[in-house]
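Look at the two complexes coming up: subunit A is in both, with subunit B in one and subunit C in the other.
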Partner chain A sequence: MKHLIYGLLIFMVMALPPVSNLLESIMIVHMHMQMPILVVSGFIMGRFFQIYFPVFFNKWNENGFPGILLFCIIMLYWMLPRTMDEALTVQSVQIFKFISLPFLAGIPLRDSWGKLSSNAKNIIIAVFTFVFIVMGIIYIFSPEQICNNYLIVEQITLGWGFITMAICMMIYLAYKTSINPEEYE
Partner chain B sequence: MGTTLKQSWKEKADQALGASPEDATLSKTYLFVSFITLLIGGVLGLIQGLNRAGILELPSWLNYYQVLTAHGILLILVFTALFTIGYFYAVLSHNLGGLLPKARKMAWIGFGLKVIGLIFVIVPIIMNEASVMFTFYPPLAAHPVFYFGLVLLVVGVWMCAFGAFIQVANWRKKNKGQHVPILSYFATGVFVLLFFSSIPVAIEVFMIIPWAIGWVETINVMLSRTLFWAFGHTLVNIWYLTAVSAWYVVVPKIIGGRRFSDTLTRVVIILLVILNIPGGFHHQIIDPGIAESVKFLHVFMSLAIGFPSLMTAYAMFAVFEKTARKKGGKGLFRWFNKLPWGDVRFLAPMVAMIAFIPGGAGGIAQSTNQLNQVAHNTLWVVGHFHLTLGTTAALTFFGISYWLVPYLSKRVLTPAINRLGVIQTIFWSAGMIFMAGAMHWVGLLGSPRRTSYTTYFDNATALSWDPYLIFLAVGGTLLMIGVLIQVYAVIHLMFFAPKGETEFPIAEEEDNASKTPYWTERWGMIIVIMLLVIAMGYVIPLVEMIVNAPPGSPPFRPW
Partner chain C sequence: MIKYKQTTFASAIVILFGIILFYVGTDGFRAYTAESARLYQLMEQNPAFPDVTLEDSNGKIYPISELKDKYLFITFMYTSCGTVCPILEMNMGQVYEQLPEEYIGDEIVFLSISFDIERDDPATLAQYKEHFYQADGKTWRMARIPNEDELSNLLNEFGVIVIPDGTGNFAHNSAFYFVDRNGFLIEVMDYTEIDGAAKTVLEILEREKGE
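Now for the complex of A and B:
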């Protein structure tokens, strides 16, 4: 129960109009802070659903792959510049954002991550690293404004946000592959 | 089989008999040079203090800003760095069964690089070619040799950091599944921070060098300042973390108690490592070119570091009270009497902790935009860091020296030197109350920092500062006496005190301590999270500064 309460609390704070307005006013904060926090709120709530609906998750997400696939699709969808624009201008898309990120990305991630083998996890991280590099390059070098609602300098900032996150993930992968925990533990 | 047996026998012997001679020589060399630096830096500080009070006029061949640059660099960079490295290499040697020959060699190479670097830095300052102060950011431009010296200093520090990493990794391979001993864990955190925080300053110096030589005409001032403070801010927090290591582990042993929860201690270290670097922005609250919303977000990043500090304060007083009550201390405050106030190894770090109460409170005040407008670039700031760095860190280092130096030199702390240490602590406290107190006060009245004595054509406001500046000079004189006593004590303990065995004081955990979770050993994860936090702090302002950069500045030499 406490998982549900904590998750919902974060979710509701994020949904407060002043909070969402502040976070959405800066492009990189919109994509790299607000959206991940929404996913995290779902991730926290996920435990509650796992406990109360175990049958559902066992039936539909037995090995973790359907869940992680859903997570990836939702994440990729929200990385498109077009969708961010629409979230700001079309009310129904904004609502979809607040529903899809916690409930269609956060919860499946919670249920799937534990079920995946460590190789599968590393592959998922590698895929996201690659996508982040590509998105970073697009956002940094695009000569035009890709989003109606954000200036070019914000776009470049977001691009560097992608690149730095990709670097962190690469360091993590390098650490995972080069260091054998068995030598230490 | 034979070698492992010999190895473990050697480890036991080391632990019983103190550091191996080679390891002891290494640490003693670092500490010796460190305290010589303190002596020189202290003399320069006194010169400044007397000059600012209008008591001492500098000769024509020496100007105030040369003295200030040397004082800042010698004390904030060299004294502290050499002490920290000497101390933590002694820790690694003691905790981890002696230094690996490779690690020891790297620390020696690091020492050589730092000494050469220091010469490169100091000579231009003496020749009046580098009065750029310890912050050395553009548009002030020094002689290129000064920056080469900085590069050597940084590479020297990297050598020591990697030597420590190799030492710790090697130990963990040999002791699978065990936690690194707590002081070595502190050492790991300190060297991780030293390494990562010196990357931005290395980038800055490589931007400056072509500009100082004249190959490029202009430089991005905001960018260099930001890169500098990512380093400068973290650096002082590293010295703080070094002091904290002694508070958590050594002080409880000296008062005859147990140390605070191992897990929480490690969490404090992890938090200080993860949260530290973006705090640099609180040095730039007045800088133009950073959006207000970004500055606002950074207030949180700055104050976040306050959290582990408050945890530390709580932990320390919990340990003190518990120990004192065990010894029969009673009452709300009377248990204080049960603490060994006459033992310099306790007194000095204790005063250091007490100084951190006003020091930390002043720091939180300064982080506020409106209050920063009042205090920025006044003597208030100088008062603040003489409390935090010059007292909290420095006095803890002094306290450490009274057992570390005899431990390394296989001598003992005699009652006479202990008494001298107590007197030293009293001089230092009194000196800082006068000097830092006067600096805080006169800063609020508007007296600027980094300014030699002037009455601004006998302006009434400037003249009203004079009485406080006299207090500053009095405090500085007391501090100078303190420096002399301290350096004498170190030299005596290193070369002349009676021979004997001194223990390396490490407090035990409580008997019913809960087990520390193993994730605290996953430094790879900790470092990745730290880098993410750095990205969160820096991507927005840096892109803004680079993409919307103003024309850039040519070099200036106002002196």
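Now for the complex of A and C:
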């Protein structure tokens, strides 16, 4: 139960209009802070749903594959420049953002991540690393404004944010492949 | 295999959901940015050019209806802009060049509308006009819309988004807008595709002449 409360609490704070307006006013915060926190809120709530609906998750997400697929689709969807613009200008898209990120990305991620093999996890991280590098290059080098609601300078900042995240994930992957944790136990 | 029958089914549902989500979210895989979605929508809607009063580089004040019965080739810009606008206007000049002289002025008028009403007074516009030798103030006019409500109404109707960046500059989207004789927006064209824009305009003018 406490998972649900903590998760919902984060979710509700994020949904407060002053909080969401503030976070959405800065492009990089919108994409690299608000959206991930929404996923995290779902991730925390996920435990509650796992406990109360174990049959559903075991039956339909037995190997974790459908869940992680859903997570990836939702994440890719919110990386489209258009969706980020429309989250600001179209109310139904904004509502969909607040529903999809916690409930269609966060919860499936919670349930799937534990079920995936270590190799599968590395592949997922590698895929996101690749996508982040591509997105970073697009946002940094685009001569045009990609999102109508944000300035080009914010766009470049966001691009570097993507590259930074990609570098962090690459360091993690390098660490995973080069270090055997058993040596330190 | 039987063991994973349900997860395979669930995965198929998820993929289907993903396809529908992306299809709906991008107008059928056509518009990945809000800008392209905007253009796509504008071409479907053909909004009418609202009633506005122009103040041009000659200091002349007149309603847009004075230019009725002519095709209008429009761009939105501001003179202090150091990035996109000079290119936008230069490309506009090239479209002007590519059209046969017989059409210029009589059938079609070029119009650069400034959204910087504070700074772009007639004198500033006149000075800016000098950078583009085709801009004679008659067949290619530069003007501002002094009334703020009229300006924002027009920008809104034509989907032009202008954001002041706090240092006196604006972030804005750019395109060529083509308005027909009845004042309806019929084409929104990529301002970097000069030849394509000129071709489209010429086709429309010639088609009408042939009728």
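Just so we're on the same page, the second predicted complex is superposed on the first by the 185 of 185 C-alpha atoms of A that agree within 3 Å, B and C clash if a C-alpha of one lies under 4 Å from a C-alpha of the other, contacts with A are read in each partner's own complex, and residues count from 1 in each chain.
The rule we apply is simple: a residue touches a chain if its C-beta (ideal position, glycine included) is under 8 Å from a C-beta of that chain, and two chains touch if they have at least 3 such contacts.
Since the model is a prediction, treat every value here as computed from it, not as a measurement.
Judged by the touch definition given at the top, the superposed model places A:N149 against subunit C, while subunit B stays out of reach.
Judged by the touch definition given at the top, the superposed model places A:I179 against subunit B, while subunit C stays out of reach.
With both structures placed on the common chain, the touch criterion links A:W160 to subunit B but leaves subunit C unconnected.
After overlaying the two complexes on the shared chain, residue contacts for A:I26 are found with subunit B alone; subunit C is out of touch.
In the superposed pair of complexes, A:I171 makes contact with subunit B only, with no contact to subunit C. Touching of subunit A by both subunit B and subunit C, each in its own complex, is seen for no residue at all.
The touching residues of subunit B, counted against subunit A in their complex, run 172-173, 176-177, 293, 518, 521, 524-525, 527-528, 531-532, 535-536, 539-540, 542-544, 547-548. Those residues of subunit A whose C-beta lies close enough to touch subunit C in the complex are 59-63, 65-66, 69-70, 73, 77, 80-83, 85-86, 89, 145-152. The touching residues of subunit A, counted against subunit B in their complex, run 25-26, 28, 33, 153, 156-157, 160-161, 164-165, 167-168, 171-172, 175-176, 179, 183-185. Every residue of subunit C that touches subunit A in the complex is listed here, in rising order: 3-4, 6-7, 10-11, 13-15, 17-18, 21-22, 25-26, 31-38, 161, 163, 165, 171, 173.
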